[in-house]
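Listed next: structures, encoded as structure tokens.
Look at the two complexes coming up: chain A is in both, with chain B in one and chain C in the other.
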Partner chain A sequence: MKIFIDPPNSLILFDLVERFGHEPLSVMATIQERVDNLEIDMPPMNVTLTDVKNGLKYAGIEVPSGIRGRLAVWGPLIDQAEAAIIMEDAPYSFGCVGCHRTNLLVDFLVRKRKLPTIEIDYPRTEEDARNMVIRVKEFLEGLK
Partner chain B sequence: MVRETRLVVISPLSEITPDQITRKVHSLGYEVTVKETCYGAVLEGPPETVSKVMQELRALDPLGIYSKIRGFPLGDPKRCRAQHGSRPGFSQLQTEWQSLSLVEKGLECALRGDKAEDIDIPERIPVKDLQRFCEEVE
Partner chain C sequence: MIKIAQLSCGTEYSGVQYEIEKASRAVGAKMVYPDVEASQIDRSIRDFGFNPVSPQLKLMIARAVHLAEGRYDADAVFIATCFRCAEGALVRNELRRYIQEHTDLPVVTYSFTERMKANQLLTRMEALVTIVSRKELLARERQIGITAGIDSGSTTTKAVVMVDNKIVGKAWTGSGEVLESAQTTLNEALAEAGLKMSDLEAIGTTGYGRFTIGKQMNAKLVQEELTTNSKGAVWLADRQRGEATILDIGGMDNKAITVRDGIPDNFTMGGICAGASGRFLEIVSRRLKVEVTELGALADQGDWRKINMNSYCSVFGIQDLVTSLAEGNTRADVAAAACHSVAEQIYEQQLQEIDVRDPVIQVGGTSLISGMVYAVGEILGKAPIVPPDSQFIGAVGGALLSSGFLEG
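Now for the complex of A and B:
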């Protein structure tokens, strides 16, 4: 099954989803498509002007273009997804390399689609990690 | 040509070194490009071949080797730090690499068949109740 992972560039989630026999929908694959086919050559942007317009499907015109640009790339992944794993409070999804408003909108879009979803916290202790991996494993095995 | 670029990341608890990974890939003789890095290696080649190589690499340390695909090709000047690429992204990878030791222990428990502990998730207030509270305050 196609599993949307949030954060969509997470190594931990990408690996776990693949390890337990599903296809992770990640932002890296979308970026690869753009780099290989569209010849994105406008550093540091990863989107085209058309993408930002397409982002209107997922966020209103009053929403900052950074959020709309992100959703233009992530939104189609949510549309394709058959299930989702949301990892809350990942340290890199907030601050200079992340965008909390986008994260909230992504959570909203996933919940709106009523997909089978599991919400987990970013592991900070051994106990957290144990619970997280076991819950993810049970969730992914239950989807088969 | 369809390509797949993959990051191979070694958990901090693993005894495998990036050098062992690259030597293993070379010894397999597949037509893939491999670059040794501080966290493991980057592989690039046709998706089927990369997948075969990944299976072989995982066998070295099933719980200690992690991977994900990468959008930009190997040595892409837009990304490569050696050429002052404009998209540095190591901070995220570094954070997750540090957590891999925890994930490794978690995987060990999961594969052993341990059960997750019950977590108390606080119930959300129904919208009707919230509406009633607001009306009471007004």
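Now for the complex of A and C:
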């Protein structure tokens, strides 16, 4: 199944999803695709004016352009997700999209789709980390 | 190459990063991004004292702290965040103050939308580069020889001829075809001075048409208006030493520039909404059936408090005007309200992006509208200085700075 991970650039969540046999919907591939595009218009990420306009599907015109541009990148990932993992309170070094308002909206858009979703807290201890991996594993295996 | 450190949030996701880099390349500069170790971000946030939630804003702060601590070398700073982002606006303004307090680097701030194009940034980038690379030229306080300055503005074209630090000829006309308007005003200024084109030893051009005119007239100086206007303003006001704030409410955009010893160190240039421009005053004049030159005297007789006019948009502003007249208010009250509305918006939108330093020198064509000067003074709580020939600042700055090339 296609699993949306949040933060959408978390390498750890990406790895867990892949290990347990699902397809992680992460921002890395999406960004890579844009950066590799030979007809790159807007380096470094090739987010163009059209993309920012497309972001209007997820947030209104009064929302700052940086949020709409980000949503143009991962909004479509949320649309195609069949399940999701949301990690709360993750430090920015774990994975982030740079903008807290975008984080809030991404969480909301995932929840709004009422997909099978597991919400986990960022583990602060080794034991919590082990428990987190066990919970994610059970969730992912349950999806099969 | 001049290195401009970029402290920003959202540029790459708004599709404007390329435009920023394009603008910097066009003026011979390079955008650079101060390297910060991840482990240093939290320490920088603690030192700075403002902890935004958005990680990209945390990175902006860490980059600024690294610049202030001399851990990264740059010549100027460009600070930008998304338009309408409150958290971004707070960080942008506080970082601008922080950089000014802790470094000598010139700073410009910008609030962008996805529609921002490189040409909107060109003047700002050019001014940053000039401040860094032409310090000697900017330090010039006296005009020498026989020189002319031409200011090709959006509404009017002005020309000044100077000889040995004195204005000997000046003229202005409504801007039409760029070259023709420039040549006409220059000819008039030369005629007043009793000189010929061939007598001129140097020409300086500024304003929107500066490149075209500069090329045609073989100008020694082709310079954006932030630099020329501030030099012209301090020369005209005889405030070449110490600090000052130059306020220029133009036909299409407004400039607020802080200077130290006549050299700009921070500026803001706005032009998103016509309701806060000289253009709005022109429209108001037409509707009130007075010449724009008479609008100030009319406004002096009125009371802005009787009318609610404070729209950012000139169209809605005119709606307020029509409604006010229909309700029986006097033309004088409407004129006063229009001046107050422009002054209020400049205070809200632009003067918040710089730290206003006394004295405020109000210049440009709108400084001839007495009601406008009164309104600015009322809002700032202190009367601005309006130097003689205040509408000729750009042309005077052009003539003054171009004479710097005569000494080799």
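One rule holds for everything that comes next: the second predicted complex is superposed on the first by the 130 of 144 C-alpha atoms of A that agree within 3 Å, B and C clash if a C-alpha of one lies under 4 Å from a C-alpha of the other, contacts with A are read in each partner's own complex, and residues count from 1 in each chain.
The rule is short, and it goes like this: a residue touches a chain if its C-beta (ideal position, glycine included) is under 8 Å from a C-beta of that chain, and two chains touch if they have at least 3 such contacts.
Keep in mind it's a predicted model, so treat the numbers as computed, not measured.
When the two complexes are overlaid on their common chain A, residue A:K57 makes contact with neither chain B nor chain C. More chain A residues lie in contact with B than with the other chain of the pair chain B and chain C.
Judged by the touch definition given at the top, the superposed model places A:Y92 against both chain B and chain C.
Legend: residue contacts after superposition of the two complexes on their common chain; A:I31 is shown touching chain B, with no touch to chain C. In the superposition on chain A, A:R111 contacts neither chain B nor chain C.
Legend: residue contacts after superposition of the two complexes on their common chain; A:V73 is shown touching chain C, with no touch to chain B.
Counting contacts by the rule stated earlier, residues 41, 43-44, 92 of chain A appear in both its interface with chain B and its interface with chain C.
Those residues of chain B lying in contact with chain A across their complex are 3, 5, 7, 9, 66-73, 76, 78, 85-87, 89, 91-93, 95-97, 99-100, 102-103, 105-107, 109-110, 114-117, 119. Residues of chain C that touch chain A in their complex: 9-18, 38, 52-56, 58-59, 81-85, 87-88, 112-115.
For chain A in complex with chain B, the residues that touch the partner chain are 9-12, 14-16, 18-19, 26-32, 34-36, 40-41, 43-44, 46, 90-92, 97, 122-135, 137-138. Chain A meets chain C in the complex at residues 41-45, 47-49, 51-53, 62-70, 73, 92-93, 96, 98-101.
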